[in-house]
Every structure is written in structure tokens, then in C-alpha cells.
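Dropping the structures in below, format is C-alpha cells.
What follows is chain A paired twice: with chain B in the first complex and chain C in the second.
Then we have the complex of A and B:
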């Protein structure tokens, strides 16, 4: 039996300290609410209405909204909106794939509401920002009354929409690596239409230290990540490993595409088919590798 | 007609209510504040077919707070009257489709009504189901009668086998189209209130007198006891032609039992799951052409999926078979059309009404024939286009046929031949391009003898008793965004010599306006607008005035009697069309349209992009060119959605992608500007030579798109919609099934 809407208590902490204290007490029954672009849709289903507390995070904006350089990393506060990301000159210089993800994210109205922290915590395998963040070596910082801890994004999801954060922890920021020298980057989202669509396949990549040699192109470093092709957004470690192992040419490219297609685990669902996703993910990688060959 | 220059016809005044619609001031049914209003919801079947065992109310719920209605609450027969009277108002024992209404619940607020619905446990025994056309034809599961066929129509002309004998090329191919959702912005909504012994229904509906007839039949009432008011309408597209009758009866049952007004407004998911859609189709065409590429024989076997109840399916089928040959002359024709029953929600009226399915098949077949004959699609159509003096499949001799005109004008504007040749050259890059065209014709107004039965009426009232001359048009035709109020004002003002704001169109309220016939079939301007023009001319004649007389002259002429009321009735002879043999004049006018579409396909992702659309449409006369262009652009967008985006995904007969993020309609970013050329032949059956153009634009979009895609990818597609997944599949694994040459 579900409780009615009026039985939910809304808590509105005005500081981060207060918020983590509240979570220490009632975290197991609380749903933190940021922009609400996922949760308000979910709440239309009566069975998904919150049962205890909604933790309205709006009061934490002064502490958790903003994009800045912290040491050698770019730190994005959890309440930074997708629109902030789209218009950040710092991110345009340091994290182009993330800006590209923001560009095709929902609609203007959604981008104004949705936060990067919400996108990370919602953890949809089809989330636009997550493959970009994975390709940028993102780490997330969680805070509880016991202190902070940092988790690499690639190990943040235990399973389909199950982040490893504990109920007492609040996501406070995401840190990504600064752009290396001469990066070659890509973010491609394939969806059923050009706006307001949920991804069928996403592939994000960043390569650097890419050098043309006599027999082919040497990829020093590469990060690849994909969305909508498994239960969680995926860093493609195996594909990366193959691509670093030898000089890039047609043979290695074909091998990498084959590895990618076996590394991902897409399914048939209402948006697309496993076969299409596997096919297109591979072709997106071919495209990216083609741009490496051209730009090296 | 006078030689006088037009003052208002052909102008583009702002649409009536445009400002209110854009600013949100317009009051739709869900906006109406009615004291004491309760909210109604519907308990629906979770399965496609079975027997209701029991509906158990949760004993822990306080049922005194709500009102429940089931079939036992009906005052008479449990039938929603339409063509076959086969659809129950509420399922009683048998369930025949998913989301079939079983019980109604009303409560002081919607949340409580929904809560009560969750506390009803519907127990059932499921039975085997038939959900595809092939299931229906096999008839192992009997949904309707012994063979699941609601209606069959045959057309025969000439000698088919002689035609095939004369052919040098003969092809036979199958085509399939899926369902399509109307997706009006405003979902279905109705408020019912019993005021004394009068039932008042306010709703989002196209046809006030259809709703009145249904409510009268169910409750056994006289006409004046059922007052139906069409609210501001947030789109219809046929989806609010017959369905509102069911919703009105449901709301009225709840209101009667609750003793207070009840509102029922569907949410988007319920609207998509439970209401009517475009009929899925399966069509086999066998066609022969001679050495010059001219059709010698055409045999079409078309099957529509009607869903679980008949609704308007026989009429949809009629239009489908009458459009099966598209805009081409062919001496020997046999068309067999059937509409079959399946355990899916009933399909119904949707802009195009059977024609888009038939025309997709025939136009795609014309491309296949052209390829076989070594002709380009344009030349193929030039050789076959109907011309004045030609006859259609029913033997209707065309006095006017603009097929060749619209074809040439569109082809020139799109530079079709050069682009087609360019894209015929080898393409190897990551983007492949193609351009395709379609040529179609669309029958305007009701099919066959329909208008003779309807006898649409309209009243024009001129009142000079006050300080101002009041001129009012009273019609039951509704304005669902197609601009009825604006164009009717233009017509009356043009003829009477008034300014637009000197003419008023009365509210669509059965207490105030006569039955002008339903607002469907591209008939409103052509037929009912014709009555406006006739009434205005009749008024001038009886006052002894010339056309364009003006307000002052009208006031003077009316001075003696004060007021003049003219009633016009549309009564064409019923003998023009033989419904038993499908011979004769199927429509008073045919419109013609050529649509040209250019696409690019990204070979990395198999995503198509529509880069250009050019269309030339024979509209007879554009009373308001802005409205006409808007209708054409909107219709083409809807047709391209049908072709490339919109896929109703069904599981065991139930739509499973019933929301905006899974049922994909194109946005402005997915469509290029649509370039519209109006062909004004001035030879339509409507006022000033206008034709009906509400539906025609939808017809040609899908085949033009598919034709372009086929060129880009050097294949062909015979099933709609063509999704990127289908493109990828055809590219990698050409199958001899649904995507061969």
C-alpha cells in the first residue's frame, strides 16, 4: 500500500553540512531532489512516489553549483545545470565531449532544470552525459557526515541504475581530467530524432599522444565509453587495450570494432534493437578511428 | 459568378482565436470551472480477449466516497450505435481488446478516483487472441462472425486478364503499413451534466451531432434533451470524430449516477492506448504495363485491420479502395478490399481515412514498375497521369484533372530530373542521397451517396433590429485548427460586402446551430462553406441586392422586416454513385498533389535526414492561402512522421510505447521547410471553385519519402514506417521479403 502525496515530508537544508546531517538520520527514507527532470516524471507513477522524505537540494546551490579548475582537474558542482555546462568556456576548452553531450540533452527547458549530479545519480544507461564523463576520466565525490570519498565513475554503477553511493552520502561534485595536449575527441549520440530523444547508442572518445609512424598511427592514450548498450554506461576497457597494443591501421581498427561489439551487451527494447546498437556502435568507433588516422 | 475582384477571398487575415490559442487564454474542456464537478476514470481490460470472471472491490477501501458504473447501469441496450452496433458501451462478460472499458469510477477528485480504480481487482479468464491481419484472415480465432471480415468491397472495370495479356511487364508485390496515432495536442475530454431532464455535454469533439445521436440512443432521449457543445478544440485529425461519442456516454452514465457533473479527461498514455488509430494495412498489387510504360491492368487486394469493433471501418475501407489506383488511367482494374477484425483496440478515422495506406502501396508500386521499365519515376507518372476526360476505376469521367499540372510544376520547382540523375550516379561516401516523388489524388467530401444521406444544413442570420447589423453563420461544423471560423467569415463577408468583423460564427452548440454534417472528409469548406456562400447569395437575392452590397445597403433593405434568416441544405442527387456496384461519381471533386522529397542517409548510423520537400497541390481555390499552406505543411509533416518516425509498438494487441518519448513524432528539427505551390484550378465543387484539402497533403508524403530513400540506398521499401533499424537491416541483409527490388 502506497502512502499518499501529502504524507511525504519535504526537507530543505540550507547548507551542505545540514544536508549530510539529515541524510545521516533519515537517508534510507529520503530522496534527494535536484532539478527534478527525472524524478518528477517518475512521480507520475503513484507507486514510485517517495515514501518518507524529499530532500530539496535547491538551498545548496551556492555551495554545489559551478565549474572551476581545482589543481589539475576541472571540478563540476553536483547542482551545475546542463545549460551551465553547455555555456561554460572552461569546459569548451577542457572537456569538449561533455559540452557536446549537453548540446543534445533534452530541450532548453530540461537543460535549464537538469543537473549533472542528478544525471549521475539517476544512472540511466542512456544518460547523455555519462559516456562523455567516462571518456574524460571522471571521478565523483560523495560526502557523508563521516567525510568525503571519491569513486571513479567507471566503478560507480553496481548494476542497472544502482550507483554505489550509500543512502547517507550525497554526491557533491564531479572531477574530470583536464584536456591533454592535442586531444582528438568525439561524442556521438544516435537517437530517433534530432531533439528531445533518448539515445539508442552513444559513443564518446578521447585520444591523445597520437603519433603517425611509418607503418601506421600509434595511439598513446585512449578513453572510450558507450551508452545505451548495456545495463550501465560503460567504459570500454578492452577496446582501449587493443587500440594501445599495436599501430592503428585497417587490421587493428577491424579488430577493435570486433572487440567493442563483444564488450557491449545491448538489448532489444522499445527504442531500438540489439543488432542495430551493436552494428552502429562499431561503425561509430570506425568513424572515430578514421578521424585519428586523419588528424595524427 | 460575378467578375468582381475579390476583397477577402484569397487574403490572409489572422485566424479567429489565434491569439487566444497562442497565449493560452483559450478555454479547452479541461479548463472549464464547473461547480460541484466530479472526476471520472475508466477501469480497462488488461488483456486482449477473455471472459470477465469477477470484479472484486477491496474491502479495506471506503467505497461510499466514490460512484461506480458498470454495464448494469445502462438504461437500455449496451450498444454504442454506429454502423454495425457491435460495440458495447462497457464490456459486460466478454473482453475483445486490450484497454476495453469495463467499469467507470467517479470521485470528487481525480486522485481518489484513480485510487479507487487501483482497489478494483478484475479477475478474468484469458482466451486465444488474433492480433495481426494474418491471424484475422486465418480465422482460427473468431473475433467477428465466422470469417472476421467486417466488410468487403469489390471494384471491377474492363477485362483484367485481357489487360495482363497486353502487358509486356507484369509485377506482383506486397506492401504493409502500421498503425498511426493522431496525437492531437489536447487529449480526449468530456464533461457531462444532467440539468433537469436535459443532458449537457461539453467536450473536445469534431462532430456535435454524432455525440448527440449516440447519447440519445443510449439514454432514449429526444434531440432537444441532449445538448452538445464543442469546446475550443486542440486538434482532432479524425481522432475526435467517433471516439467522443463513447466518452460522452461514459461521462453521462457517471454524472447520472453521481447526481452531479462529471469530467473525464484522458491522460496521454490512456489516450494513446485506448483510442482509435490509423488502420494497419496489407496490400498485394499485381500490375501490368505495356512497352510504353502505360498501365494495362491493375489488381489490388487490400486488407485493413479494423480492430475489435467495426466503428467507421467500412467507410474507411470504401475510401481506401477508391484510392487504390492513385491518379492514373488504367482500363482494366479489379480491387478487392476487406476490413477484418482483430483483438486490438478499434481503429478509426484519421486524416486520409484509408487513402494513405492504399496510395503508399500504389505509388511505391509505380516506382517498382518504372524501374522495371527503365523509366524514371517522373516519366512513368507522365505517361499514366489521369487527364480531363479520363475515367476512374468506378467509371467516373473526370471533367477536370490537374494531375499532370501539379506533377510538372513540382518537378520543375524541385529540379527533379537533374537531381534524380545526379543521385543515380555511383555514390560511395558516408552520406548517400536520393530524391523521390509521388503523385496522388484525393476525393474531397463524403464518399458516394454520403452527402445525400447527411443533408448538411446551415443557417445565415441577418439582424438589423439593433444599432449594429448582426450577421451570424450558424453551423455545426467545428474548428479543430483547420480554420473553419476564419474561412466561413471570409466567404460570408466577401459575398455580402462586409468586413470580417461584421460577421460572426456562432458557437458549436446543438442548441444554437443546425446539423451541418460531421467535420470530416475534407468537406467543411467545400460542402458547408458552399452553403455559407449559397445562403449569402440567397439573402442578397431576397433583399433585391447585388453581390458585395455592403452593410449600409443590407441595413436599408432589412429596415422593413428587421431580420432575415436563410437556411440552406445540401442535397445532391443520390443517383450519382451506385454503392452496390461501386460505379459512378465517387466524389464531387478530386484534388491532385505531387510531393517531392529529398533525403540524405548517414551511412555510419543509417539515420535519414529529410533535406527538402516540395509539393504542388490542386486546391481549386485558396480561400485563405495561409490556412491552406498550413494544412499542407502540417499534413506533410504528419505523413512524413507516418513514413519515417511513428511506430506503434504492439504486444499482444496492446500499444506498449504510449508516450511522447517512445512514440516518436518529428520535431521542427527533423523536417526541412516544406515548399508549397498552390495550384488554383478554380474547378472544385466548393465556393469560388475551392476543393477540400484537409487530408490530401498526408497522402503523398510517405511514398515520396520512401521513393527518395529507395534511390539513396539502391533498394526499395515496402513497409511503413521505415526506421533506421529497418534501413540498417536492408543494407546488411537484403531479404527477398519486405525490402527487395
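Then we have the complex of A and C:
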């Protein structure tokens, strides 16, 4: 039996401690709500309403909104908005692919409300921020009344829009690696229009320790991640491995593109086709590898 | 629940369900019909209002998150009998408003941009002006006349 939206109660804890306590007791009946840019759309369908109540998180902004350096990582609070990310000078210096993702994310109205934590928990395979976070070695910290635990983002999704967080756990922050020396980075989104569009394909990359040698370019370290090409956002481990195995030249580039096209698992849907997504994902990788050859 | 908030400079207190959308409360309960429902999904921008001075889609804001905050709608930009806001007037002069459905949201997005410009938060150029209204869909004008209205409003406002 489903209830109407009018009947759903909203609890608004004023501290993280209180929120975690509520989730420990009745987490399975609650849906945590941040900026509402996904959930308020979902709630139009009464079957998507929580069995119990909505947990409004915005009262936790003093604790969970902000971007800071913590040891050698950048910590982004779960309630940090996409607009905060777009205008962060710290992220401009340390995490350019994430800032580029924020730039093409929704519209001003959406960036003002959407939070990074919401984007991670919503877990859409087409989410703009997630390939960027994956390419930056993101780890997410979940907090429950039993304490925190940290999960690498590449193992955070069990399946299509299924984060491994338990109902008793709240996502509190995301940590990403600081920029290494001389990184070569990219964030590319292909969609029907430049703004306010859902991606057909996303490719994000960061490479460092890239050196020109006589026979080609040596890639010391590389991270690649893609969106909209499988049930979850994907870190492209196989493609990375090939690219670290030998000197980069036309032959290795072609091989890496072939590996990427077999590593991703796109489908036909209303926004694109599997064939187009494979083609374009490969071309985006060619572009990125081209920039490595130029900048090494 | 009882929700008290500032609306266009006045304190209001109304009875509403916590997940009621701000858009519905404005239109249905408060008679402020400038904000329109186009898509109801945050895609079209027709329901744009300011929440604590920040441009948002009112179709995505539950009343539980309006409590104690300040809402500004298009109705606050001018009063009946008073001169129009410059961007309203220019949208008429340039024929940037045709069917008119997107106009309130478009004006709010333009005003948001002009306010951010005045606060020194944006690097003003043609691309930035286009980006400012990227969340507002117009099916009549092809946008050219709307952008012309914004260009002229910024010019009139001066440096």
C-alpha cells in the first residue's frame, strides 16, 4: 500500500551525531535527503516514497559542507554543492577533472542545490561527477553509530544504482588524491547539448610521471574512468594496465582503444546506442593519449 | 506542519505538508503564479525563484527545507503600477517574450546573473551570459532575442 506525498513525515536532525543515531534505530525506513535535485523528482512517483520518513540532512551543513586539505588528500564534505566545487580554488589546483565535471553539471539552478554526496549515493552510471572522482582515486567515508568506514569509490557500487552503504550508514565525506607533480588530466562529456544534458559517454583521466623516451612516451601512472557505458560508473583497470605496460606510440594507443572498447559494457537506450558509445569512448581515449604524447 | 519563512520581504506562516513543493505552495496557496510548472523535474527553469538569494527550481524544493529561510519570486521585482524591472521591459522591447511561459524563469536567471556580476562573482562575457540561462528552456524565440534583452539590461545597468 503506498501513501501520498502529503503523508510522509520529514525529520530534520541538527547534528551528525543525532542523524546517525536516528539511522541506527530506523535507517531501513528512512530516505536521507540533501538538495533534492534527484529525490524530489523521484518522489513524484509514490512508490519511490520512503516506508517511514525522509531524513532532511541540510541541518548538517555546518558539519558536512566544505572542501579542505586533510593530510595529503582533499576532503569534500557530503553536503558540498556542485556550485561550491565549481568555485573552489583548492579544487581548481588539485582536482581539475572534478571542476570540469561541475562545469557541465546540470544548470545554475541544479548546481546550487545538488550535492556531491547526493550524486554519489544516487549512483547513476551517467552521473557527471563520478568518473572524475574515480580518476582521482576517490574514497568515500560512511559513518554509522558504530564508527566510520572508508570504501574506495571503484568498489562502492554493487550493481546499477546500488551503493554498498547500509541503511544505518550516512555518507559523510569523499576524499580524493591531491594533484601529483605535472599531471596531465582530462574530463570529457558527450551529450546532446552542452548544458543541462545527461551524458551519452564520459571519459575522465589523470596521468603523471609521464616521460618522453627515444622510442615513445613512458606513462608512469594513469587513472581512467568512464560513465554512461555500463551499469555503474567504471574505473578502467584493464585499459590502464595496458597503457603502463609499454612505451606509448601509435601501436599501443590502438591496442588501448581496443581494450577500452571491450572493457566497457554499454547498452542501447533512449539517449544513445551501444555502438556509438563504444566508438566515442575510444575516440575520447585517443584524444587523451594524444595530449599525453604532446605534453610529455 | 507550520512553515514560517520570509516571502518577498514579508514573514509568512502557512500550514503545509513537509514534502509539498515550494512551487505548489506559491501558486496554489499563496496566489503567486509567476513561477510556472514546465517539466516538474528541474530541467526547464520555468519555476525559478531565489532561496536565500540563490537561484533554485522551486519544483525541487520541499517546504521542510523552506522553514526559516527567505524566498524571493518574480513578483518582488516590481509592484503593480510601478515601472517594470529593466529586464522585464527589455524582454518586451526585444520580443524576447512570445508565448511568455518561460519568461518569469528566464528573467529570474537573468537577474541572478546580473546580481552575481554586481557582486563580482562572474567573469562577464557572451559565453557566461549564455551559460547563465542554460537551465531555462524556451520553445518560441530561439533564445537570440532573450540574450539581446540580457545584453541590453547589462549595458543599461552600467559598470
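Annotations
Assume the second predicted complex is superposed on the first by the 295 of 296 C-alpha atoms of A that agree within 3 Å, B and C clash if a C-alpha of one lies under 4 Å from a C-alpha of the other, contacts with A are read in each partner's own complex, and residues count from 1 in each chain.
One rule holds in what follows: contacts are C-beta pairs under 8 Å (C-beta built on N, C-alpha and C of every residue); 3 or more make two chains touch, one makes a residue touch a chain.
Bear in mind that the values here come from a model prediction, so they are computed numbers and not experimental data.
Contacts of A:284 after superposition on the shared chain: chain B is touched, whereas chain C is not. In the superposition on chain A, A:196 makes contact with both chain B and chain C. Of the two partner chains placed around the shared chain by superposition, chain B is the only one that A:272 touches, whereas chain C remains out of contact. Within the superposed three-chain model, A:56 lies in touch with chain C and out of touch with chain B [touch as defined at top]. In the superposed model, A:208 lies in contact with neither chain B nor chain C.
Chain A residues in contact with chain B (one complex) as well as with chain C (other complex) are 5, 194-196. Those residues of chain C that touch chain A in the shared complex are 1, 17-21, 40-43, 45, 48, 54-57, 59-62, 64-65, 109, 112, 121, 131-132, 134-137.
Taken in their complex, chain A has these residues touching chain C: 5-10, 12, 33, 35-37, 40-41, 43-44, 54, 56, 58, 87, 106-110, 112-113, 194-196. Chain A meets chain B in the complex at residues 4-5, 46, 188, 190, 192-198, 201, 270-273, 275-276, 279-280, 283-284, 286-287.
Put simply, chain B touches chain A in their complex at residues 111, 114-115, 118, 430, 604-607, 645, 649, 656-657, 661-662, 664, 666-667, 669-670, 723-725, 728-729, 732.
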